[in-house]
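Next, two complexes with chain A in common: one pairs it with chain B, the other with chain C.
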Partner chain A sequence: MDKFQPNQSTTQSEIAKPMEVKTDLVTVHVDGKAVQLPKGENLLAAILSKKYNLPYFCWHPSMGSIGACRQCAITQFTDETQQKGRTIMACMTPVVDGMFLGLEHAPAAEFREQVIAAMMTNHPHDCPVCGEGGACHLQDMTVMTGHSHRQYQGLKRTFTNQYLGPLVNHEMNRCITCYRCERFYKDYAGGKDFSACGSKNQVYFGRQQDGVLESEFAGNLVEVCPTGVFTDKPFAAHYTRKWDLQSAPSICHGCAVGCNISVGERYGSVRRVINRYHNDINGYFICDKGRFGFAYVNGDDRINKISGIELATAFKPHEFSIAMARHNAKTTVGIGSARASQESNAALKQLVGRENFCSGLTELQQECLRSCQALMLQNRQASISDIEQSDCIIVLDEDLTQTSARIALAVRQATRNAAFDKAEQMGIPRWQDDAVRTAAQDLRSDLYLLQSKSCKLDDVAAFCEPMLPEQILELARDISDFANNPHPLGLAQTRTEGSHSESQTLLSRIVQSLQHAKRPVIIAGCSHWHLALLQAVEKLATHAPKNWQFALLPDAVNAMGLVSLMDEHTLSLEQLQAKDLSSSAVIAMENSLPAWSSEQRKQLAEQAETLVVIDHSRHQLSELADIVLPATAFTESDGVAVNYQGLAQPFFAVKPQVKPMHSSWQWCQLLDDVFGQGTLIGLQKLSQLRSYLTDNVTGYPDMNAMFAQHLLFKSARQPMRYSGRTAMIANQTVHEPKNPVDSDSPYSFSMEGPGNDDGYGHALPRSFSWAPGWNSNQSISKYQVKVGGVMSNRADMIRLVGQSEPSASRAQTSSSAKRNHRSQRILGLQLRQLEHLFANDEFAGKIAEFNLMAPPPCLLINTDDTGKFNQGTVSHVRVELTDNSSFIVQLIPCADIAKGVAYLHHPRANTSPLLDLVVSISTVSDADISAHQQQLSENLEQILQQKNRNLARLQQTDQRIPIQIVGEGS
Partner chain B sequence: MFSQFRTMWLVLKHTFTKADTVEYPEQKPYLAPRYRGRIVLTRDPSGEERCVACNLCAVACPVDCIALQQTTDPDGRKRAEFFRINFSRCILCGFCEEACPTYAIQLTPDVELAEYERSNLVYEKEHLLIDGPGKYPDYSFYQHSGIAIKSKNKGEAEGEKPPVNVKGLMP
Partner chain C sequence: MSLATQLPRTGEGNIEINQLSYRDYLSMDEIDAIEHEVSIMGKRHAAGIEALKLVQKNRGWISDDSLYAIAELLQMTVSQLEGIATFYNLIYRQPVGRYVIHVCDSISCYLTGYQAVSEAIKAQLGIGYGQTTEDGMFTLLTNACLGSCDKAPAMMIGEDHFEHLTPQSARDILQQLQQERGKKPETTQK
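Up next, the complex of A and B:
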C-alpha cells in the first residue's frame, strides 16, 4: 500500500511560521530616534536586531552576555535633553521603557575606540598571514570604531601555541580575551579539555598540554573566535580568502539531521564548509563531521571517467546511448541510495519502474526507517529548537554525540532549561549567562540516557547507568504502557506485584519526570538497527500525549526521502538477492551496498548480466562493475535531501560539473532510452525533471514552487570582491570564456546577480553571509528578524507529510526482518558496533584528518567480562570472520559498559555488515600483536603521506581549472 | 590673407626649433624610480620571497588580473604556490603595490611590455620574482609578524616580549 496518496495533497508545502515570541515592546530613544524594543531583552541584541551597528566581541546570540570585552559601550542619558549620561555596557543592560541612549555620543564612541586600541597593543601584525583575514570580526569592529593607529610604543606580549589536533590551528598571540572560546567549548558544548588559564594580561586559552581537542564541536571555535586564534587547519593548508570563495548553500551530508552549511570553492576544488544559520535546525553551530567531513569530494578516490564502454573524448549524449545500447538487457533493476538526492532516487525509480526498484536497504533497515517515517509523517519529529526547549529528554540506546552530533549539542542545551526556569523565578534574564549559571549551580533538566555504554552526555544526565539493550527495550515498552494508561496509581499497582528491582525504580523516576514535563522529547536512532526498540517508540508515539515529541534518527542524509519513495513493490536487498538477475542489467546508484559482505557483492556482479555503477567515489562494487558512470558529489549537484523531520531541503552545486561527470539523475535520464520506458526523455533540465516528478511520483515534494520565481533573477555565488577572474585561467588561455550558465538553480556562477540582500523579496538560502561593514559570519544578524531568530527573508520550508501505515499492518512484512535482527553473540557477549563520529560512514575513511582522529581497531568490554578472555591477561584479540579473514583488535576493558555487551570498532564496519560476519574471537600471540602495532604505525605514516599527496595534487589542479565551453551539454 | 601668411610663418618657424620627438627605442626617456611599469615580486633582505600570498593585491586589482594560491612551507613561511599576473589585462594602476602589506609586489619603471602573442604577457612567479628587495631594502615582514617561522621563534620579532610562561604564578 502506498504511503502517499497520488495527489498533490500528499506532499504539501507548509510555510513554517516564525515562532511568535510574546514580548512587550517598549519605546526607547536611540540617538534621538524612537524605536520599539522588546522589554527585558539585552540592549545589545535589541539594538543589533534593529540593524544598528554596535561593536561587540564576547556576546553571542546563543551564549548570552557576560560583559567581558567592554566593547558595546553606549551612553544612557538621564533625560530627554540628552546632555548628561553615563556609559553602560549594552550587552549587560536590559531594555527599559523610555530609555534615552546615545550610540554615536562622543564619549561612548571614544570609549569603544579606546577599548580596541587597548586590544591592539598586543595584537600581532599578522593579518596578511592570518586565516581569519577578510572574514575577521576584530577587523570589522576595529574599522567600525574608527581606530587606525597603534599609539602604544611598548613591546607586544607573546604566547607559544599548542597543537590542538589535525582540525584546528592555534595562534594564541592574536587573542583579545573575549572568553568566547571557553564559553563555547566548556559551557555550551561541554568540553572538558580546554580552559582559560593565567590572569591579567597573560590569560591563555588552551589545553593543559598539547593534544587533540576532544570535543566533537571543536571546529566551531573557528567561527566563535572573533579573530584568528582558532582557524580551520585543513582549510589553511589549501587556503583562500573568504572574498575569493565561490559559495553555495548546501545541506550537510554527514547524517540525517540536515544541518545547513555553506560550501566554498576556489580554482575547482572545494575548500571549506561553514555553518549556515538556520534557526530551527543547526542554529549557529555544526559538528566537526559537518565542517570537515566534505573532504572526500576532493579525494583521490573520485571517479572522473566513464569506464566499461568506449566513447570519444568529448562526452556526447547520443554516442553514449549508442554505446550503452550494446548492454541492453531484458529487465533493468535499479538500486537506490539513502545518500543520493531525492531527484536521483525518484529518477531511478522512474527509469526501472516500481517493480524493479530496490531500496538498497536490508529488510531490517527498511523496517527501522519505516518507523522513523511513521513519526515523520505524523509530524511528531522534534526539530533541534524543539529539543533545545524540552524539559525532559529520554535517549534510548543511541550514542547521539557519535551519530547525530548536532542533536547531542541540542540535548545538552535542553538540560539547562531548569536553570533558566529557576533564573526566571529569581528575576534573572536568560541572557545573563554568568548569573544564570551561578544561580542554577548544578540544577539540570532531566535527561535519561538509557544506553549500554557511557557517552559524552553523561555529565549532564540524571541517569546514565549502562544497561543491556533488552532492558532498554523493556523500559521503552513500559513507558509506552504508561503513556497508554497514564494513571500513576495504576502503574504503581501493576508494578508492585513484581520484584522492586532497580529498573522499576528507574521506570517510576522516568514516569514521574514525564508527567511533570511540559515538553518531553524521546530520542532514538538507527545506529544499531534495533527494530523492536524503534517500533516500541513508534507505538508509544501513537498514544502519547500531544505535547510529547520524538526524534527517531535515521542513519543517512536522505534516508527519509528514500523511504518515502518505497512502495509495496520495492525490493529489499534480500529480495534482490533472491531474484534471478541472469538477464537483467543492475544499476547501483550511489550505493556501495555496505549492508552486504564483499562475497554478496561479488555474487551480484556475477549474476547480473550487466552491472552499472553510478557513483562519485570508488569502492568494491565500482571495481566489480561492468560499466562505471562518474556521478557528481553533493558539492557539484543540485538536489533535495529530506531530513529526519521530513523537511525537504535543497542543496546547490558550488562549482559547475566537469564532464563526463553528471548528477545521478542525469545519468538516469541519459540511460532512459536504453534501459527505461522513455518516461524521462526530454527532461534534461532539473526544473523539467522536478515538474515531472511532482506530477508523477508520490513522495516527491513540489520543489519548483520554491524556485521557479527565482530562476530568472539569480543570486550570485561569488562575492563582490571575487578576484583573479582574468588571470586564473590565463595560463591555459588568454581568451576569457563566458561563465558557466546554471539554468537549474537560482544562483549564478558569477558575481552578477542582486546578491542576497536585494530587496526584491528573494526568499532564498544565502550562498554566503556578508553585509556592509560585516565581513565575518556574524553579518548574519543583519538578515535575521531579530538576532538569533528566523531569517527575515527565508525560503518556505517544504515538509513531507501524509498518512502512514500503522505499524500493526506492517507486522507481516516485518516478521522476516525481526529474524534478521543483529544479535550476534560471541563468548556470551552481545556484540555491537562502536560508533565514532569520525569513523561512522564509508566516506569518513577517505579523509586523512578523520583517520588520524578515529580510534584504533578495538573491542570494548566491561571490566568484569575480561575474565572471558584468558583470565583477563590479554591486551589484544583476533576477530575471525565467516570469509576466513581475520583482524586484530585491542581489547579495552571499561567500567561503564553494560556487562555482557561488547563494542567492536574496525574500519571494515563501514563497508560491510561486520557484526554479522564475526565467527569467533581468539587469542593472539605476542608476535602478532607487535606486527599489528607495526601495521598501525605504518598506517598512520601512510595517512600522513596520503594527506600530503592529496594536497600536492590539489595544488596542481589549481592551475588546471576546467574550462567550460559555452553551450556544452546544457 | 594675413592669417594665411601668419600660419605659414608659424609652420616654417618650427623648422629651426628643437624636435620634441624622442628617438625611442634608441633614446630612452627618464622614468622616475617610482614610475608605474612592469610589476615584480621582491625578496626580503635574507633573500627569501617576501610574498606571503595574502591575496590583498588580487583583491585590490580593479581588472582582476592577479591570481595566486597560498601554500605553507615546512619552515612555517607562507608563500605563493603560483602567482600569475595577466599583463594583457593589467592597467599598471599600482593598487597592488599600495595594498601589499609586505612590500613584496612593486612596480618598476620598465614599461616595455609589448609582445606579438598575448599569451606571452601572462607572467608566472618565475618571471615576476627578482633577486633583490626593490625599493625597500630593509623590510622583512616576518620580523614584525607574530607567527613563528623556523629562523624566528615566538617573541623574537621586533617589539615583542618573550613568550609568557603560562604556568608561572606571577600576575
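Up next, the complex of A and C:
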C-alpha cells in the first residue's frame, strides 16, 4: 500500500533557481533616507518593493519596462546636496550604488501630476458607468499624483468600440495608451489578432475588425489594462462594485494546474473570478477557462432540493437519517470523483470502507493518473515557474493550450530564455523588455512539440510537424533509451540506417538539445489517455539526470488527490460493473460517470438496490437516481484540492450554504449514521473531520498545523466599504440579520476581522486584494516581499510528495488496463477527441458563453485524407454510434494535422466516451445538411435565450434588496 | 493561416470555410514587386511598408482586401499589418481623392500662420479635415511636420511640397489644380 508521508514544505523549490540572479544590495537615498535596494533592478520595482507609493502604468512585474507612460518620473540628484538633478523614469533606470533620488521632489511630483492631466484630455467622464470604477488603477494613480481638477476644456477624441466576443468588453475611449494590453496579448501570450493601430493622439488597441478574441488568455486584459477599456463582459452584465463583493480565496476547478483565484459574490450569486497571485503557480495570469468557467454555479441546472425521500421543509439531520434508514442496504459502494475535494473523497472512502470505494475512473484512467502520481511522489513535477525557467522543453502529444492552458503560457515564456541569456551577455537588464526583444529577434530556447495536430504554440517551437501518436510514443521511448544510455554522438548512428531517417534526425536534434540544456522539462498529459506514452515518460524519469524535470498533467482539479486515496482494494469502473450490486446502495458523489455510456449508467441504476447521487448540477445519473442529495459547488464549499505537483491547496466558500445543500463531505457525514460504520458521526466541523481523516485515511494529508494556524485568525470576506449589510433585506424584514456563522474556515461572512492589512492574518491567503490608496488588484505588491516575488503572508503549503516506491496495487491492476490509448480506428483513420478549452468538460456545456466559443460539431482531417470521404466532395458526414443514434459533423480539412489522424468534436463527448461508441462514418444528403444547419441555428438561438433567461433570473434574485446597481451590460 | 488552431465558433453561426488566396487579388506585377522588396529585406514581414506603398500606388488606397492579401503574401498577421498601415499617415485606409493635401499643423507652422492657411483651404474646397470633395479631386489631411520648418507654413499635395504659404498662395495653388477639373479625374476608388 502506498503510504505517503506528506512533507511539510514551502512552495519554493529547494533547488536554487539559476535564473534568479543573486543581486547585491546597495545603498540608495530616497527622499533623504538611506534604503538598501538590489543593484541592477529597475528603480520602480525596487522602490515599490520597499512599499513606497510611486505611480506607474506601463511597467508590469511580469512584463518589464518600456517607459511608455512617463508616469513613474522621479528626480535623480547629481549629489548629496540634493539641490540639482534631472527627471528620470524610474522603470527605465537601474539601481546604482549611492544614488540620491527624490520621489517627493517638486518638479518630479508636478511632472507626474501633469502626465495625468495630459491623459485626462482624452479620458471620458465615465467613472460612474465604468466597470473598472472603484478598483481602477487610473483612479488610484490620479488621486496619488494629486491631480484633482480637470484642466482641459476642449473636445475629446472618440473611438468606435469593437465586438470582441462574449467574454470581454471594449471601451476604447478610456485608453491612456500605456501599451500594456498589446504587450500582454501579443508579446507575452502570443495572440495573433490584436495590435496597436494608428499614431499620435489616435492610437487604437484592438483587432483588425470586430470578432472574438482568439487567445485563451484574453480575459487577462481585464486585469492587465489599468483602465476600463477591457472589462469582464459577463460580470458587467450582472455587475457589482468591488467594494460590494464578498470574496474568498479559491482554487480554479478548471484543470489540474490549481491556479489561485479570488471569487466574488453579491446577493447570493457568484459574480466574477479574478486572478489571485501565487508566485510559483499562476503568477499574475489565469486562462479564460479559469476566469469565466465558474458560471455553471449560477446555472439553471443546479440541484437545490433533496429528491427521492420525503422530508419536512426545514432540513433536520435526525429526520434525514430516519428517512434514509428505509433505503439501507447490505453493503454500500461509494463512487468518488476527481472533481470533488479531498475531504469529500476521503470521507466517502471512510463511509463505505476501502473494499467498497470506487475511484469512478476506468482502469485506463487510473493507470494514466498513477503515472502522473509516480512523478509527483518523486517530486519531479515542475512548477510553472520551473517551466518558465527551462531552456529546453519537449511536449509530448498534449495540446497544452487547450487542456492546461496556464502551462502553455509558461512554456511560451520559457522559449525566451535564450533571449535573456543573450541580453545578459550584452549587458541588457532582463526587465528592459523592448531592448531584450530587439536584441533577441527570433532567437528562442528549444521547444519541441511532438504532436499530431498543430497548436497555438507552434509559432515559438523549434519543431512542430504533426506526426502520428505512435511516432510520438516511439520518440519518447528513444529519448528514454538515450537517457538510460547517453551516447555522446546521439542515437542516429547507433541505429540501422534507412527507414526512419527523418525521425532519427529529429531524435538526434532533440537529444542534442537535451544534452546542452541546463534545465530541460518534458511535458505530457491525460487528454488522450495515452497510457503507453505516460509510462514511457515515467520510465524516462527513472533514469533521467537529476536536472531534468517533468510535468505529467492529469485532467481534473483533484485527480492527484483522488489517486492518493486509491489502494489495492479500490474499485475501477470495470470492477464496479462486474460487481453484483443487487443488495447494495451505491453513492455516486460529484461524479456523473462521463467515462461511461448512458447505457452503462442505466445498468448501474437498475442493478443497484438504491442509487444515491450527491451532486451540485443535474446530469443523466442524477435523473436516474433513487435519491438525489444537493451538494454545494466549489464556490460554496471549503476543501482541499491537490494539483498536478501534489500541492494540497485549500479553497474557501464565498457565500454561505443554502440548506438543504451541503458539501459532499457533510452528506457523507450525515449518511454515516445509516450507511456507514458510524466513525464520522460527531465530526460536523470540518476541522474535526480533517483531524480524523489525517489519522485514519491514508492519502489524506496532514494539514492540521496549516489549518490550525489559519483558524487562529478570522479575517473578513467583505471589504470595509461593503454596503447594505444591515439593509440588504430590508424590503422583507427590518430586523438586522445575524451574520452567518462560519466555523469551518478562517474567514467570516462579514466586514469584521483583520486580514486586509498586513500584520494580522499572516498565514491566510487574501480573500481580495486592497491596500490604502490601491483599490485595484495592483495593490498586491503591498503584500509581496518584493514585487513579483513570494507573498509576505504566504501560507505554508502541504505537498503530497516524498515517497517513490510503486504501489502494490499498481502492479496488480496495470495488466488489466487493456487499452493504452483512448482513440478509435475508422475508415483507416485514427479517431481522437478534439481538445478545446471551452468544450472539454461537462460543465463547459452549461455555460452559454462557452457554448458560443466552442466549435460547432466537426471532424478535423488532413487535407490529403479528404479522399476517404466520397472522393473528397463532401462538407459534412454522419457519425453513427453503437446505440444506433447518430449525428452530423462538419468536415474540416486542415493541412496541419497528421495524415491518418482525425479529431472529432461533439458536445456528447463531454458526457460519454464518444470515441468508444463510434461504429461508422457515412455520407449525408444535402437535405440532411441543411436540416443540420437549421438545427445549429436553432441551438444558437437557444443558447442566446438561455443566456438572457439566466441573467434575468439572477437579476430577479437581486430584487430581494431595494437597491439596484446597473453596470454596463452586453 | 492554420485551420486546426482557428476553428470556427458556434456563436458565429454557420461557417463557410473558404480560403481566398492573395493570388486571386493581387496582380502578378504587384506580387513580383513585393517579392523583390522581400529579397532586399531578408525577412518577409519587413517588406510590409513597401508592399503597402506599392499596392497603394496602383490602387490609390489600401482596402481591407488589399490588406488581407498583402498580409497573406508576407506571412504576417492581418493585425500586425494593420498596425503598420494605420501608423503611417501616407498609407490611406479609406478611398482618397486624386490630390491628397497634407497641411502641416505642427509647431513651426502653427507659429507662422497655419490657422489662416488652413481656413483658406477649407473654404476653398468646402471640406474639413478627413474629408474628400464630392468630385473626388481633393482629400484634406493634416500632417505633423513636413520637415519644412524653416520655410513654414507648409503643405504637401501628392509628392509636391509647398512652402512659405499664405492664405492667398494656398488658394492659388488649389485653384490651379481645380482648373484640371475639366479633365476627367482618374478616380482611384475601386
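Everything that follows uses one rule, which is that the second predicted complex is superposed on the first by the 907 of 970 C-alpha atoms of A that agree within 3 Å, B and C clash if a C-alpha of one lies under 4 Å from a C-alpha of the other, contacts with A are read in each partner's own complex, and residues count from 1 in each chain.
Simple rule for what comes next: a residue touches a chain if its C-beta (ideal position, glycine included) is under 8 Å from a C-beta of that chain, and two chains touch if they have at least 3 such contacts.
Remember, predicted model here, so these are calculated numbers, not experimental data.
Q: So, A:Arg174: does it touch chain B (first), chain C (second), both, or neither?
A: In the superposition, A:Arg174 touches chain B alone.
Q: So, does A:Val35 touch the first partner chain B, the second partner chain C, both, or neither?
A: Neither partner.
Q: Which partner does A:Ala323 reach: the first (chain B), the second (chain C), both, or neither?
A: So A:Ala323 meets neither chain B nor chain C here.
Q: Look at A:Val212 in the shared chain and tell me whether it touches chain B only, chain C only, both, or neither; answer first, second, both or neither.
A: second
Q: Based on the superposed arrangement, let me know which partner A:Ser199 touches: chain B (first), chain C (second), both, or neither?
A: both
Q: Which holds for A:Leu852: it touches chain B only (first), chain C only (second), both, or neither?
A: It touches chain C, and chain B stays clear.
Q: Can you list the residues of chain A that meet both chain B and chain C?
A: Touching chain B in the first complex and chain C in the second, residues 197-200, 204 of chain A appear in both lists.
Q: Using the touch rule from the top, collect the residues of chain A that touch chain C in their complex.
A: Going through chain A, the ones touching chain C are 165-166, 192-200, 204, 207-209, 212, 214, 453-456, 458, 836, 851-856, 858, 860, 890, 892-897, 903, 905, 933, 936-937, 939-940, 943.
Q: Note which residues of chain A are touching chain B in the complex, please.
A: 124-129, 133-134, 155-161, 171, 173-174, 197-200, 202, 204, 206, 236-241, 243-244, 267, 721-728, 730-731, 733-734, 955, 958-959
Q: Spell out the residues on chain C that touch chain A in their complex, using ranges where they run on.
A: 2-15, 17, 64, 67, 77-80, 82-83, 86-89, 144
Q: Mind pulling up the chain B residues that touch chain A in the complex?
A: Residue positions touching the partner: 52, 54-56, 58-59, 61, 63-72, 78, 81-82, 84-86, 88-89, 101-102, 118-119, 121-122, 124, 141, 144-148, 154-155, 159-164, 166, 168, 171.
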